[in-house]
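One chain, chain A, appears in both complexes that follow, with chain B as partner in the first and chain C in the second.
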Partner chain A sequence: MTATTRRERRGTIAGLILLLLAWEAAGQGGWVAGGALPAPSQIALRAWLDRGDYPAHILGTLRTATAGFVVGSLLAFVLGVAYTRWPRLQRAMSGVDVTIFAMPAIAIVPILIIALPGDAPRVVLSALSVYYPAMVAVVLGLRQADPRLLDLVRVHGGGAVAALRWVRLRGGLPTLLSGLRVAAPAAVLGSLLAEFGSGSSAGLGTYLIGSLGRADPARLWGIGLAATALSALAYLAVGLVAARFAGDTVPASTPVGTAAGQAAGEVRGWVARSMPLLAFLLPFALWEAGTWALRLTDVSEIVFRDPAGVLAHLIWDEGAARNRGDIAAALAQTLPFALAGVALGLAVAFALAIVSLLWPPLGATLLPLSLVTQSMPLVALTPLVVLIFGRDTGGILAITVSVTFFPAFVTIAQGLALVPPGLRDLISAWGGGRGIWLRRVAIPWATPYLCAALRLAAPRALLGVMIAEWLATGTGLGNLLNEARGRMDYGTIWSVAVVSVSVAVALHTAAASLERRVLRRFAFAS
Partner chain B sequence: MGARDIRIDAVERRFARAGQAPLLALDRVSLDLPAGSFTALIGPSGCGKSTLLRLIAGLDAPDGGAVMVGGAAPRVLQREGRLGIAFQDAALLPWRTVTGNVRLPLDVTGHRDRESLARIADLVALVGLAGFEQALPAQLSGGMRQRVAIARALVTEPDVLLLDEPFGALDQILRRTMNAELQRIWMRRATTTLLVTHGIDEALFLADRVVVMHGPPGRIATIVDVPFARPRPLTLFADPAFRALEDEVAAALYGRVPGSAA
Partner chain C sequence: MTLFRRHALLAGAAAGLAAASPSARAQGLRALTLQAAWINDAEFMGYYVAMEKGWYQAEGLDLKYLPGGPDVIPEASVLSKKADVALSTVETVINAITTQRAPLVIIGAQYQKNPIGIVSLASKPIRTPAEMIGKTIAVPPVNRLTVEAMLKLNGIDKSRVRIVPYAYDPTPLLKGEIDASLDFTTNVPYTIKSKGQDAVSFLLADFKLPLFNDVVVVTRDTLARRRADLVGFLRASRKGWDENFKDPAAYPPKYMETWFKGTGRSLDNEIYFNRAQAALMQHPKGVFALTPEAIQGCMDALNEVGIKAAQEHFDTSLLAEI
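This part shows the complex of A and B:
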C-alpha cells in the first residue's frame, strides 16, 4: 500500500519535472503560438523585475478574498444550521441557492460595482463563490449524524438544540472543514473576477487586466502563477486545519441505521405543492427587496433595475425590440460554445476515465493533476489560454474544455474507483474479457457520475465562455456586458445579467433533472 | 424517585410503504411491566419488538392505544431525564473519551451536579473499565465499547432502562460475561428494565419474564415466567430446568421443537 503510493508519488514528481523541462525548451524555442508561452526561467526573471508591483496586488486580493471567505462561510453556517433544523426552509430557498451556485459570476460584476462602494463588490462576489460549497458541506455534515445518537439525545429529553450542540456540530466538523477547503480557492477566484471589472484598487485581477495591453506574455504568466499560488495556499491553509480534525469522528463501528429512514421534514398537501413555486419566486423577491434597500442609500436610482425594470427594457420600453435583438444575437454566439465545450470536456473526461481503468498509469498521472486544478482559479487564467489558443474559436473552446474536463474527470474517476473489485473477478470467472466488463459494468457504473459531472460543469462552461468573450474575443454575452458597462447602459447590464443567470440556472436544472432520471434508472435512488 | 411501571394498552403501529398497503407492525399489543421488574422481549426479525421499545422510549408514537410510564406519557419521562437506553451498536461519540461518553446524558439533561458527576467514575469501574477512563472509542474492543454504552445508560440512575439487543453484536463467550455483569449491575439498583433480544438463553438468564412475540403483524404469543432465584450463576446455563425452559420458549417461538418431549 505504502510502496505503491510512494511509487505513484515518485511517478507524479518525475512527470512534473519532465513537464517543466519540456515547458522550458518550448519557451526558449518559442515553439508555442509564436512565443505566447514563455519559458519558466523567463517568467521568473520578469516576476523578479516586477517584484515591486506584486506585494500590493497580492495583499489586495488576499484581503478581499479573506473577508469574502469569512462572510461567505458565516452565511453558509447560519443557513446550513437553519436548513438542517427546518428542511422546508431549504426547499423554499433552493431557487436562491441554485442561482448563487449556477450564476456566471462575471455577469453580476458590473451590477455589484454600480451598487456597492470600494472593496465591497470583491468581498461580495468572493462570499457568493464561497457560500454554496460551504453551505452544502455544513448541511451534509450536520445531517450525517448517527441516528442512534440522536435517539439517545431525545431519550434524555434533549431537543434539536441539544442534538446540534452535543452530536451534530462536532460530528459534522470534518465534513464542514473539507467543504471550506474547497471553498477557499473559490474565494480567491471570486475576488479576482470582481477585480476584472473594477480595475481601480490593488489586486492580482486588476494587475492582470492592466497588463493585458502590453504584449508581455511573461508578465501575464507571472501574475497567473501568483494567483494560482495564492489559491493553492488558501486550499492548503484550510486543509491543515481540516487535517487536525479529520478521522476522529469516523465511527468506531458501523451504524445499523434504525431511525435513518425517517424522512426529515416530509411535507404533504398544498404546502408541498406550492414549494417549487415559492422556490422559483424567492430569488425575484430577494432581488426586488434588494433594489428597495438600495433606494435607501445615496446611490443614484437610475442605475437600478428591479424585475419590472428589466422586463420593460426587454419588452415594452422604447427600443425594446433592438435590446432583445442584441441579447438574442449575443446569446446565439455564447450558448453554442458553452454547450460544445461541455460536450467535449465531458466526452474526453469520460473516455479517459474509462481508459485509465484499463491502463492505470494514465489515471495515476491524470487524477493528481486534475485534483490540483481544483485549487486553481482556472477561469481567471483565461487571458493566458487565449494567448496560446488564439482569440477565436480555439481559445474559447480551450477555456470551456479546461474548466469542464478536470472536475468531470475527478467525479467520474472517483465514481469508477467504487466499482466492487469482485465484479471484475466475477466476469473473468465466467470467461468474459475486458470488452464485456467495460460494456456490462464500467460504462453503466460511470453513467450516473457523468450526469453529476454535467450538472456541475454546465454553469462553469458558461462562465468560461463569458470571461473569454469579455476579455478577449469581443463577441457574445460577455462582450455585450463589457460594452454596456463602457457606455453606462444600465438596462443592458441588468438584462444581460438576468439572461445569463437564467440560462445558467436552466442548464443546471436540466442537467439535474437528467441526473435524477438516470439515478432512478440505475436504481441509485428509490 | 424509584422504578416506575410501564403499561402498554392495545397499542397499534402502522408504517406507510411506497406502493403497498401499510405494514401493521404492532396489532393491539397489551403488556404490563411492574415497577422494578426485568422483562425480556424475544421474537423473529420484523415482529415489532424494537418498535415497541421505541414507543416506550417516546421515540415514536402509537397509531392506536396508549403507552404509559409511571402513569404519564413517555415524553414526560424523557423531559425528566429518567430514561436509560442502549442499542445493539454502542453508538459512542468518537471524539469523546470513555468518561466523556458516559457523561453525555448528564450534559444533555443538564444534571451536572457533583453527585451525578461522581457517579461516572463508579460506573466506569463497575463495568470493568477502570484504567480506560481516558481512552477513545476507536482504542477499545467491541465488548469494551458496549460496556461504555451500558454505563452511559445507567449514569442518570434511570427509572426505566431500555436495552435493544445490547449484546447482539458480541460473540457468545463475551455475551455470557456481559450477561453476568448486567445482572450484577441491575441487582444493585432494581430498575424497570426491558431487554429486546434474539437470544433465548440470554433472555432466560436475565429476566423475570420472557415475552415471546410473533409477527408481522406484531403480537404477543406467550409469556414465560422465569422462576430462578438471583443471583443466577453462569452454571445455570447448563441446568436441566433451564434447558427445559429454553425448549419451552423455543417451542413458543417456532411453533414446535423437534425432539423435545414437551
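This part shows the complex of A and C:
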C-alpha cells in the first residue's frame, strides 16, 4: 500500500466517524426537522428492542427477492444470448426492454397485486427490476469478445455456438457478473415495494406499513437501514460469487457509458425500415396477450384494460374528453418537474463525481450516505423531506434528485476514472492546476458519460416526481393515480400507467438519440 | 388443459390460499375466503375470535383470511374471485356498482358509524369542519373524495382547505407541519398520546356524512350460489364480535404471537383501538345491522355528493336469517 492510499484511507475513516458523530449530535439535539431525524444510537436501541420482529421479515424479503433475482437474471441471460446471436431480435424487442426499464413501479404494483396470487407480485416486481441492468451487462459482456479469438474459432470451423461456448461466455463473464452484482440490490427494493402495497406475509415492506402509524422515526430508519444492509449484502454476495468464477478480473461496475444495451450490427433494406415500427408495436402486442391470459383466469374484466380499452377511455367512451382533460392537466403539472429534476439530478451527480475524484476521502465518506438514499424506502423518509423541503417545489425536487442522482453518479464517476493519467501530468507539467484540468480535460472527457447518465436518469426522474406527488404534494399524475384507485376507476389507472410509461420511454429515447449524436461527435462510436 | 384444471393449478399456486386444506375437506367444510380492508389489527378482532373458537367450522365453513394493504382494493379481490367476501368502504363499493357496473351487493355493515375522522392536536384543535378553513389537512388520496364530500355538505368550498397526501405516518402532525389528518379516530389518538401530546378529533359521521364503514360486500353471483354460507359467515362473525366486546382487553394479548406477530404495532395500541371501536359497531339489532333508517341516511349523504346510491345496493335479508 502506498503512502497516498494509506493517507486516503485514514481520511475516509476519519470522515465517516465525523459524519456519524454529526448525525448523532443532530439527532440528540433535535436540530434537523424538529427532531424527525433520529440519532444512530436511538435507531440502534429501537432495533435492539425490536430484535424479535426482524428475522422473519428479513427472511421474507430475502426469499422473494432471491426468487425474483434468479428469475430476472435467467431471463436476462437467455434473452441476452439470443440478442447477441440475432441482433435483429434485440432491435425488435428494444421497445419492450425500454418499457420494462422505464415502468414506474407505483403504477404497476396495484395491477400486479390484483392479477397475481400470493407472493407472486413480489417476485415479479423484483424480477422486472433486475432484468434490464442484467440484460445490458450480458449483451455487453458477450459482445466484448476479442475479435482475434472469434476469428480463431471460425478458422477451426466453429460456428456461432462454438464462439459463444469458447470465447464469448468466457471473455464476457466478468462484465456479465458485475452486471448481476449491480442488479442484486434492485431485487431487494422491488420485493419491498410490492410487500408494502400488499401487506401480506412477512417482509420488511409489510413491517414498514405496520410501523408507519407509530410516529416512530427510529423504527422506520431501522427498517430502512435493514433494507440497505440487505441490498449491500446482495451486492457483496454476488460479488463474491463473481470473484470465484471470474477471478480478480471483475470490473468495478458495468461500463454503461458505452451506449450498451443498444443493438449493434447493420441491418439493411425493408427489414431495417420496419424495425422501429415493430419495436413500437411489440409492447402493445405483449400487453394484449397478457390481457388474454388474464381473461382465462378469474381476474374481473372491471380491473383490467387492453390497448383498445385504454383508447376507448381516452377517445370514444362517454366522458372521454373529461378523462383526457384530467390526464393532460396532471401531466402538465408533472412534466416540468421531471425535466427540472433530471437537470438537477445530473448536476448533483456530476458535482459528487468531481468531489470524489479531487478529494477521494470526501467522496468515500459521502458514498454510504448516497447508498442509504437508494435503498431507504422513500415513504419512510417522507416526514423528513416535507419537514425540511416543504410540500411544494422543494419537496418534489428533493425526492426527484434522490431518485435520479445515484445511477448518474456511478456512470459519470466511471467516465472520470478512465481519464488517462498522462493528461493530468501533462497539465501539471505546463503549470496548470485542478481548475484547468477540470475545464480542459475532465469535463470534455466526461461528456459522453454525462449523456449516458442522462439516459438512465430521465425515466427515473418521472418516477421520482410521481412518488413525490403521491407522498407529499397531492398533485399531478402521482395523485391522479391514487385518487383513481379510491374511485376504482381502472380506466384512469391504466391510462395513467400507459401515459407515464410512454413519457418515460420518450424521455429515454430522446436522451439515447442525443447520446448517439455526442458519441459520434467525440468519435467514440464503435 | 381444461379450464377447470387451470383454475385448480392457480389456486394451488396461491399457496393454498383459496383451496380448502386437506383436513378441512375431510371434515366436509366449504372454503370461504375473506378479504380484509387493512393489515392485521384490532379492526378485525371479531373474525380472529370466531376463527379461534371454531365458530366458522360450526357453520360448515373453512374460513381463509387475507389481510389488506395500501395497494389492495377489496372490491377488486371479490370481483377477481380471489376472495368470496370483502370488507370495504361503502362509498367505493357503491361507486363501483354505479359507475363501473360492478356486480356487487352489501350484506352487512361492520361499523354502524364510520371511525374515520379529522384528528388534530389539542394544542391547535380543529373541532368542526368550519375550523378546517385555511388549514392544511393530510388525507390518504383514496379518501380525498370523501373529505371533499364532507366539506361540501357542510357548505365549505374545498379550495379553502389545503389537502395534502397522508402517508399513514403521524410525524408531520406531531411536528406541526400539517394541522390535522384524516385517519381512524380509534387508532391515531393513541399514537399521539404515546408521544406525550393530546389529540382532538371529530367524526365525519357527526357532520352530515353518516356512512357505514367496513361494509360486508359480495358479488351477486356469490350471493345467489352461496347464500346459506354467507348467512353462516355473518352469524359466526357476529358471535366473534360479541365475544370480543365482552372484555375488549381480553383477546388482543392472545394474538400478539399469531395474528399480530410482526405487524410492528403494540398490544396497548390494539387494546385502545378495540375499546374505542365498540361504540361504533354495537347496535341493538346486533353487529352488522342494516336498519332502514341507517341505510336511508347513508344513501342520502352519498346522493348529496353525486354517488347514486339505491336501496338495491343493500341486501338486508341475510341478516334477518341469522
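Here is the rule we use: the second predicted complex is superposed on the first by the 430 of 526 C-alpha atoms of A that agree within 3 Å, B and C clash if a C-alpha of one lies under 4 Å from a C-alpha of the other, contacts with A are read in each partner's own complex, and residues count from 1 in each chain.
Heads up, the rule we're going with is that a contact is a pair of C-beta atoms (placed from the backbone, for glycine too) under 8 Å apart; a residue touches a chain by one contact, two chains touch by 3 or more.
Remember, predicted model here, so these are calculated numbers, not experimental data.
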item	value
Touching partner for A:I108 - first (chain B), second (chain C), both, neither	neither
Partner chain in contact with A:R148 - chain B first, chain C second, else both or neither	first
Chain B versus chain C as contact partner of A:A511, first or second or both or neither	neither
First (chain B), second (chain C), both or neither touched by A:T206	second
Chain touching more of chain A, residue-wise (chain B, chain C)	C
First (chain B), second (chain C), both or neither touched by A:W470	second
First, second, both or neither for A:V188, with chain B first and chain C second	neither
Contacts of A:H57 with chain B and chain C, given as first, second, both or neither	second
Which of chain B and chain C A:V501 touches, first, second, both or neither	neither
Chain A-touching residues of chain B, taken from the complex the two chains share	18, 50, 54, 57-59, 78-81, 83-85, 87-95, 104-105, 107-109, 136-138, 140, 142, 145, 152, 156, 162, 169
In the complex, chain A residues that touch chain C	33-36, 50, 53, 56-57, 109-110, 113-115, 117-120, 196-200, 202, 206-215, 217, 219-220, 296-300, 302-303, 379, 382-383, 386-387, 391, 470-474, 479, 482-483, 485-490
Residues of chain A that touch chain B when the two form their complex	146, 148-149, 151-158, 162, 166-167, 170-171, 248-256, 258-259, 526
Touch list for chain C against partner chain A, complex	3, 6-7, 10, 13-15, 17-18, 38-39, 66-73, 75-77, 79-82, 92, 95-96, 99-102, 141-145, 163-165, 167-177, 183, 187-188, 191-192, 195, 261-266, 269
